[in-house]
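In the two complexes that follow, subunit A is the common piece, with subunit B as its partner first and subunit C second.
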Partner chain A sequence: MSAARTKPRDRILAMLAMATVIVAWFLGYSRHAADLLPYLERALPEADRFESLSGDTWAGWTVDSRLAGYVQIGAADGYGGPLQMAVALDTGGTVIGITIIDQVETPTFIGKVLREGYPQALLGRSVGDPLLLGQDVDGISGATYTVSAMVENVRRTSRDIGESRLGLKVPAPHPRSLRFGWPEIMLIAMYLVGFLNLRYAWPGRAWLRWLSLLMGLVMIGFVLNQPLTLAFLNRLLLGFWPAWQEQLYWYLLVGGLLLFMLIDDRNVYCDSICPFGAAQECVGKIGGARRETDARVATRLKWAHRVLVWLAVVTALVLRHPSISSYEVFGALFDFTGSRVLFVLLGLVLLTSLVYRRPWCRYLCPITAFADLIRFLRSWGRDQWRRAR
Partner chain B sequence: MFSSPFFWFLMGVVFVLVAAGARAWATSLGLRMTWWKWLLSAAWYGLLMLTVSMPMTLVGENESSAGMRVLAAMGLVTVILGVGLVRVLVRGRVRSA
Partner chain C sequence: MASGEVKKWGVRALIPVVFLVVGGGLVLVEIGSNVREQLGADGEDLDAVLVKPPAVSLPDSLVESTVVDPELGEFGVRGK
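Entry: the complex of A and B
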């Protein structure tokens, strides 16, 4: 939307959309209170009663008043947000029970992890074990963040109980190491190149854009399988911000989109980085996609698109689950995972891409709708500022 | 049946007929076929046959679910590449008056 199109109707709708998002946030926040007792009982079934020792630690006592063990509630950052678990230790410092209390992971990711036997695979570990992914714990390809959160949870809670309640000697806490590798460097480079390429006209502009798109398709899509999704934006809105040292990629991906949109009104991610945009453009090149939608139909589809994204965001905020309403087909293409509906949708989108240019981006993608809203608010804010001056 | 020499003889006959038919079809459509266009067409035809035979083999081995997935994935790729091939073939086509 350009400045000339910031009509009163659009402004009212934008305000309404934002107001409902705020209401949904508070609704979700107020209804989110779990009764912990069932989880404590599941983590330490031997215990007959639980005695609260501090805010998040309980001692479990048997019927004959013998100390069965300790249970602690902990949370660590997964892919979708905080993953909360109850971890039980016996008096010797061995992990004897683990229960997931709350998680907001993408259903296919958590399903994959549970099928591989986690978190139960961590039972029997001792407070003295390193419990490090890749060292004494096996990771799961395609669900690294989820497994990492489970392992971190067990490591932190077991060591805390071991040290503070059992008086055991535990290994020194592992300092949070900055995860800054080739994916982060590549992302920074792609954003900078994409921005400069969009900002300044030069003869090789189209080629460089294609190179960037193909790199996004291969590296961000097929190799990393971490494109920008609705779940990332919902995490931002819900306040489920991960530790920046461990998920710098997340900050770069979301921050890059916001930064270049706010400073220069350019959507670098969608134009030059998005792997699914690249896939559609590749298919469009094969099919010679040139056809344009009828203007009236396009307007209706655009509004349907915005309503769909608004509904998805509101649902995620009310349920406080960033990926519950994700409908992207990225996983189906890049990881061959997803429901049957998503595979059918992927097929339809790719076939449509043969004729129409980037149909997903135009009429379905949540990132485009989000970018549209930022663009609208930016131009509205600029109008107000100019008027005030 | 499939191990019989007669079956493979018949298959050979069918392939020759397909190739001859394709040539006649290309001429009647006014397509300017070159060696690399024939190569691309043959490769796509091979892909089409794989798209049918692979899922059917899986179905025959009681792996219907896997068969359908392979059919959907390969079918999509075959259709997309088929559209691209048609665009390449009709470029420079000689239209009859």
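Entry: the complex of A and C
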């Protein structure tokens, strides 16, 4: 959708899509309200009544006016957004009840975490326990962010109650540390190399692109299982912005895509980094995949693709759940996790990739549609600016 | 797609159309299934069902009682 081809119809449809997304956001925002009392009761069923001590802490009293314990509501960043829990402590500083109030994790992954016994595995912990993933708490492969949010919730709320209500000595809080390791360095390097490779023609261009794609496939796909997904974009749209120090990787992923598209109209992520794009190209090499479509048919299909993505975004915003409409098959391929439907979809994509180049990217991927929108806004903005001058 | 287009591009022209129809259908089924799971058939918010924990393996010395939610059935085990 270049500047020269930006048509009034495209402009109207783009504006309509953005307007409905904004309406969906407000609809979701207005319907989201939680009555906390049932959750307090579930976390501390022994209590007959709750006395509010501060905005997020309650004391629970039994029928015979004995202090049953304290409950605090806390939220920590999971994969999809804030994970809110009510954590109950007895008067000795032991965690005796945990209830999830609100969570917006991908259903498949929250299911995996629950099957592994979380958050109930954290019952019985004391305010003095370190409660650190990898030390005294086991992580779950493929659902690290979700477990981490549960553990952090229990750690923070229990220590706050322990210190401020029970007068217990608790370990000093860990300062929020910048998570900057090899995944972040690799991502920056891949974006830079990918951009330069796309920008400047040189003899080894195709070779370097393949190298980058294979690296994306292995490292971002199979090792990290952290490709760019609709869930993260929805999360940003909903305002669930995670702490950048802790989730710098995701900001780099989205930031790199936006940066190079805005400054030079080049989609480096999809071209040279995306692990699923790489997987499709590998399969395509086996089958000799080509990309031929009648231009008119391709245009119609593209719009159908955009409508599908729009529907997914609107659903997530109305329900204020970033990953509820996440339909990517990445988890099925890279982590062998997903619903039956996603595995069937993965099979369809891989089979089609044998004869048709990157079918997912062209006709189903939300990131492609998102990139199209950025490209459109960039062209439009540039046109307006030129006219104004 | 007109028959002329199919002739011109061959069966290959049908691949993206079939892919989008079948793939798009699967995508809608997946989204619908997630939404149904989240909201429940009667429109109630079933977050609580999602977080219903599996059997808990706490040491017996810690286990005091099983909390039973009248709507959701056995909800979890409460420690001492």
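The rule is short, and it goes like this: the second predicted complex is superposed on the first by the 388 of 389 C-alpha atoms of A that agree within 3 Å, B and C clash if a C-alpha of one lies under 4 Å from a C-alpha of the other, contacts with A are read in each partner's own complex, and residues count from 1 in each chain.
As a working rule, a residue touches a chain if its C-beta (ideal position, glycine included) is under 8 Å from a C-beta of that chain, and two chains touch if they have at least 3 such contacts.
In this text, all values refer to a predicted model and were calculated from it rather than measured experimentally.
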{"item": "Overlay on subunit A: subunit C relative to subunit B, clash or fit", "value": "fit"}
{"item": "First, second, both or neither for A:339, with subunit B first and subunit C second", "value": "second"}
{"item": "Which superposed partner A:114 touches (first subunit B, second subunit C, both, neither)", "value": "second"}
{"item": "First, second, both or neither for A:304, with subunit B first and subunit C second", "value": "second"}
{"item": "Touching partner for A:354 - first (subunit B), second (subunit C), both, neither", "value": "first"}
{"item": "Which superposed partner A:364 touches (first subunit B, second subunit C, both, neither)", "value": "second"}
{"item": "Subunit B versus subunit C as contact partner of A:239, first or second or both or neither", "value": "neither"}
{"item": "First (subunit B), second (subunit C), both or neither touched by A:130", "value": "neither"}
{"item": "First, second, both or neither for A:173, with subunit B first and subunit C second", "value": "neither"}
{"item": "Subunit B or subunit C, by number of subunit A residues touched", "value": "C"}
{"item": "Minimum distance between Cα atoms of subunit B and subunit C in the superposition (Å)", "value": "16"}
{"item": "Residue ranges of subunit C in contact with subunit A within the complex", "value": "1, 5, 8-9, 12-13, 15-17, 19-20, 22-24, 26-31, 33-35, 37-39, 47-48, 50-54, 56-59, 62, 67, 69, 75-80"}
{"item": "Subunit A residues touching subunit B - in the complex, by the definition given at the top", "value": "283, 286-288, 336, 343, 347, 350-351, 354"}
{"item": "Touching residues (chain side subunit B, partner subunit A) in the complex", "value": "72-73, 76, 79-81, 83-84, 87"}
{"item": "Residues on subunit A engaged by subunit C in the complex (per definition of touch)", "value": "42, 45-46, 90, 94-97, 99-103, 107, 110-111, 114-115, 117, 119-121, 123-124, 290, 292-294, 296-298, 301, 304-305, 308, 311-312, 315, 319, 321, 324-327, 339, 341-342, 344-345, 348-349, 352, 355-356, 359-360, 362-364"}
